[in-house]
Amino acid sequence: MKRTGVFVCHCGINIAGTVDVKKVSEELSKHSGVVHAEDYIYACSDPGQNIIIDAIKEKKLDNVVIACCSPNLHETTFRNAAKTAGLNEFQCEIANIREQCSWVHKDMEKATDKAIKLTRSAVQRVRRNEPLEPISVPVTRRALVIGGGIAGIQSALDLANTGFEVILVEREPSIGGHMIQLSETFPTLDCSQCIMTPKMVEVSKHPKIKLMTYSEVQEISGYVGNFKVKILKKPTYVYADKCTLCDECTKVCPVAVPDEFNLGLTARRAIYIPFPQAIPATFTLDIKNCPGLLPIACGKCTDVCEPGAIDYDMKPEIVEEEVGAIIVATGYDLYEKELLTEYGYGKYPDVLDGLQFERLLSASGPTMGKVLRPSDHKEPKEVVFIQCAGSRDPELHCAYCSKICCMYTAKHAMLYKHHVPDGQAYIFYIDIRSGGKDYEEFVQRAVEDDGVLYLRGKVSKVFEDKGKIKVWGVDTLAGKDIEIDADMVVLATAMRPSKGADELARKLKIAMDKDGFLAEAHPKLKPLESVTSGMFLAGAAQAPKDIPEAVAQASGAAGKAISILSQERLYHAPTVAEVNVNLCTGCGMCVQVCPYDSLSLKDGKVEVNEVLCEGCGTCSATCLRAAIQVKNMTPLQVNEMIKAALGG
Amino acid sequence: MEKVLSKKAFPQWVKKLESYTMYLPRKDGDFWNYEVIKNPEIIDLDYLNTVLSPKKIIFPQREVLLEFSTSNEEELKINEVLPEEAQSVIFGVRPCDAKALTLTDKVFGGDFKDPYYWKRRNSTALVGLACNTPPSPNCFCLSVDGSPHSKEGLDILITDLGDKYHAESFTKKGDDLLNLAKALFKNPTAKEKKDLEKIQAESKKKIQRQIKDTKKIPPKLKDMFDSPFWDEESLSCIRCGICTYLCPTCHCFDINDEVTSSSPIKGERVRTWDNCQFPDFTMHSSGHNPRPDKAARLRQRILHKFQYFVELYKNYQCTGCGRCISKCPVGIDIIEVLEKARDYGS
Amino acid sequence: MVNLEELKKEASQILKEGKVKYIIGFQRGSNGLLPVPAFIKNPKDVEKLVWDPTCVYNLTLFLQDEKRKKTKEKEPDERPVGIVVKGCDSRAINVLLQEEFIKRDDVYVLGVSCENTGVLDEKKLAKKLKGKKAKKVEFGANDDFVITTEDGNIKIAAQEVLAERCLECKAHFPVIYDVLIGEKTKRNVENPFKSLEKIESLPPEERWKFWKEQIEKCIRCYACRSVCPMCYCDECVADTINFVVTPDTSAEEKAQKIKWLEKSPVSSENFVYHFVRAIHLAGRCIDCGECERVCPLDIPVRFLNKKLEKEAKELFDYDVGFDPDKPSLVSSFKDDDPEDFIR
Amino acid sequence: MAEEFEPKIVAFLCKWCSSAGSDLAGVSRMQYPPNVIPITVMCSGSVSPLYIFSAFNKGADGVLVSGCHPGDCHYIKGNFYARRRIALVKKLLEYVGLEPERFQMSWISAAEGVKYTKVIKDFVQELKPLGPQKKLRRTQ
């Protein structure tokens, strides 16, 4: 008969305050097969661990149960202790008598009784645990970065510069993300494009980076260290290597559609280059808007393209790649126009969002750096900036703070004043959140040096009146209503996860939070990791962030990825499914339910790919003949635990 | 002791037996079964044979043999649980089922007398009912040394004489039952005795099924152990346990410990019916199964009843009740199997 | 109307041509009204085949024996087995295909249509005949049965003596077959779960009383699982010892056998058995009604399976036995499966 | 006064959501009745109907299966299979007349310590008037 040891932790008074630990240990000592039971004030302390180690050695214990806090906290501690004493780590199990017992109950007698059952249940389990060694798998030493904004670029460069191959996938025709759209950046007011383009070029020239723009991740299988990725390369209908960027095609293209890069402030052709510094530097044919593929063909661009770089027959292509780690940097989008109607957004041409205003400020923008309002191209003299447009509004919009708007609105107002020194900038705000290096000083500069007028309060209505945009608001500090006849209104719209990120998250099997941002594995201790091992998060895909934060997280994620890629082999939990081939009839029901494709039929029997199996056990509950079970959580064990839980 | 009782007085007699635990056949949906009856008003002896024979009363399907427990690890307490010695009467036992008990008596009453069986057996009186018309279309008692009014195994045999019952006691137990209501019983008249004889003679003719030359079967079976006959005959067998569980003579059992608590240990040692038609019946822990397929198991059933038992006890282990024929899900007919075996290869 | 001669002709032909190893069909037995299964190898014996309303058995059950036999043979005869199936039985073939228990090439399906009728409920007939003994039952020309008794022939409308499941049958002709004998007639079944209503409408405590009484009767002869074509597991969870033991099965593995229920035929243990059977048949039971027919104690086992068939249909729009390529009920889900019962 | 009936409940909690949610309830020192003995399983999808039958057979007055919210399953879709399977088990148990309150399922995320507490409180409250579950328990 196996010899079991039970150790009941007081956790100071955390457990002992509500659970009679002496009684638990006494009752357990009567349990059949338990040859040693004792209690100790802090089992996780060094002396506590030594007591366990010594007992294992002296009493020749085959397995131990520690009745203490949640296994999420000290399971590893105690399993390591058990290993030190010569046991297999699975010969140690935890009975959670703190979080699931002492902390949630007050009645000592009942809590003690429950603790006894919990501990017996763990004893019944551990006695039937198999000693297992981790499963080792080789690592594919390449990485995939999804998203070519500043975060993705930073991660890709860090990985590539460490010497690992990187595949950088970007959905749009060019990398650069939103940062390349910005004019200047706070708080230093350095030109965004000037600091961004060198990084973009570095990506395009880097021998270790395989850049795939206009591409989307379609399917992912595999597991940490060995992912298989299918990437859809959408056809651009232009051969980048043949295109000379002569721009003749856009001159003949009959189509005009709003230009994404300038957020609809200008138009572009169906064949276009997103912006002059685009990487890769080539044209793209926007098939949705091109009449060329319609029955009555247009074909003008092909006619003028001397190098013959345009090919209407270009087909989508699926590229398969193998990587060991994945960084998701899918960034953000602004809150949708349709959802934010109260400020006349989308209704009046002179109500702009922050990114549109960035384009107006930008030297390369539609107005070549002059602030002119879209409706009549006149210089606006009264400009109202509205913060928290869609943020911090749990009733109607997003409950969260978009974090960067206070700073960029200050920047917007300041830059506006630089462009139009005789104009007046008003900012409606709820609070100014300027935590960050030199951020507070920056806001003060806007107020003091540039005379930006901050009004604490909310805007109640925005409407057009005699060529002006009337803004009704309230100044809660002065306690009076405010009416401004504005020439232009700029909204600091909320940041949202980029469109399609949810679909990608599902493909990647990583979780999202309630707002749709990608969920980190732990809010404090694992901010870079997703819940799926081997997949990391960078940038605004995880939560609203400014550029330095996005870059920092991107480098951090790259570091995490490197910690995987730098290893020859990875180790995988051995608590995986196993098949009793004698009972298996090959009905394939488990194969159908396995979320990881780890099961397959061979010669009428099921086989487990132990590396793919995550041990969820859905197969075992599906199997009608108990022919498949997860090691160390077998139906036998569960049944014994049920008995113990019910006092039997 | 030979008496006559008017049908009207029958409930009164039963009422006199109140101190006994009384079992009577009772209709449940489409079939009959024995139940403990308290109220004699609902007595009805006009019944087809019960699905389960009175075997289930004397040798219940589940029986606790002993209880065990540990107060702490050192001490194991064992407590034998013998059945209560309640005086019981089973009414309306068909002669074939009564005869069947004489066969299980042999099994449980050899060198070792099974105390659980015998406690019940000795405290139970069997009041039989002669089969004036066969209670099943598959009755064949005449072919296995039985008869529709056989007294074998019975304490009293009742025969329906129209408006009255003829009751004959063969044992002290039977006499006691009759003596409890002496006033109700009269001595049979000569006419009544004659009627009885006539009814008995007629009842034999009414039996529809028979095995011809049963005697030739045991010697023939002796040489048929390795015959492919069993493969052919068992083709349609589905391996269920109906034939044996319903058989009044089958008596195999299994013993299991049913543990109700593991800390501290507590439980019962339980005897339950077992069934040679189940694949686990002869399963060895090595994985070897000497009766690996349904052919071997059908052979076992037939040989046990018509060869081994005959060799051991000079009796067929079959009383011709026909239950296994009527209830077989796929129409396997023991009469047909036996006759085919008898004629096999000739 | 189904022409028995047509069936015999087809059977004889495929046997002569050697297309099939043997044919599983129905033949007359020595015991009572019901036929017995026939395993016909010789074309001569084809004459024994019968087809009438007493052909209640679901012969697909015997494909289990065939499969077991075949896996033991070194050089198995790879030819298919000919098998006579009704509508319900054919759905069993589909489920067996769905679960890859058999391959399509393993069977040569001789489908017979029940057309507007179905098979007989012996008990209903017995009641109808009030003690008279039926010697033969045949299909009549007008959706009726012709019953031969000692005192001549009687015609009874099939509806009156049909097995309950036939009255609720959704496809009374084979849905998969190599040869079809008879017509694929349309028949409207207004409520395929009507028989359940009687128990469903009882208040919970009455329902409990009903089921307890029924389940308590169970003697665990396991005829219901033995007769079920879907209960093809080599070892049932209800079995308390390992059946499938090989020379390399360790003692530890043997000790791992879980006792989900005790052998004692008491209410609590019987319930576990019947629950397990019901839940394991959810989405697999094709309602051939055999489990109920064979029960020596008349436990209405079919209602347990039928109930889950109904729930599968109503909650998940799942029909059993119509599409062998579909994933099983419990190995599939829809995003919008009902969850109003979840907190 | 007779002692109040204290139902015995077995709760199958998935490791990643519901068990973590119960841990959070603990960390937050929320209070709920001690009638529930949790058994942490990897996924609600691994809860075999047999576990449920077995728990009732061994005398549970109530059984709870709790998993991640739909779409949040750590194993992507285990809880969807659980949802279907448990629905069938629940229908079956209710069909034979077991009180519907005795077998429940819930979605409890790792962040829902409050919900875990409420589910347990409600469960215990609903079971108390029903008294001990004798229908399916093994007679001892």
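We just call them A, B, C and D in the order they show up, numbering each chain from 1.
Definition applied: a contact is a pair of C-beta atoms (placed from the backbone, for glycine too) under 8 Å apart; a residue touches a chain by one contact, two chains touch by 3 or more.
Model, not experiment: these values are computed from the prediction.
Nearest to the common centre of all protein CA atoms is the CA centroid of chain D.
Ranking B-C and A-B by contacting C-beta pairs places B-C first. Taking each chain's centre as the average of its CA atoms, chain B and chain C sit 31 Å apart.
Separating the centre of chain A from that of chain B, both taken as means of CA atoms, is a distance of 74 Å.
Distance between chain B and chain D, defined via averaged C-alpha coordinates, is recorded as 47 Å. Distance from the chain A centre to the chain C centre is 53 Å, each centre being the mean of its Cα atoms.
Contacts with at least two other chains are made by residues 49-50, 54, 77, 81, 85, 138 of chain D. Residue positions of chain A touching 2 or more other chains, listed in rising order: 593, 622, 635, 639, 643, 647-648.
Annotation for chain C: residues 237, 245-246, 249, 260, 262, 266, 330-332 touch two or more other chains. Considering their complex, residues 72-73, 260-265 of chain B touch chain A.
Taken together, the chain A residues at the contact with chain C in this complex read 128, 580, 582-583, 585-590, 592-593, 601, 604, 622, 624-626, 634-636, 639. Contacts from chain C toward chain A in the complex involve residues 99-101, 232-235, 237, 244-246, 249, 256, 258, 260, 280, 327-328, 330-332. For chain D in complex with chain C, the touching residues are 49-50, 53-54, 57, 70, 77, 80-81, 83-85, 87-100, 104-107, 119, 122, 135-139. In the complex of the two chains, the chain C residues touching chain B come out as 29-32, 34-37, 39, 57, 61-62, 65, 123, 133, 217, 219-223, 226-227, 239-243, 245-247, 249, 254, 262-266, 290, 293-294, 296-298.
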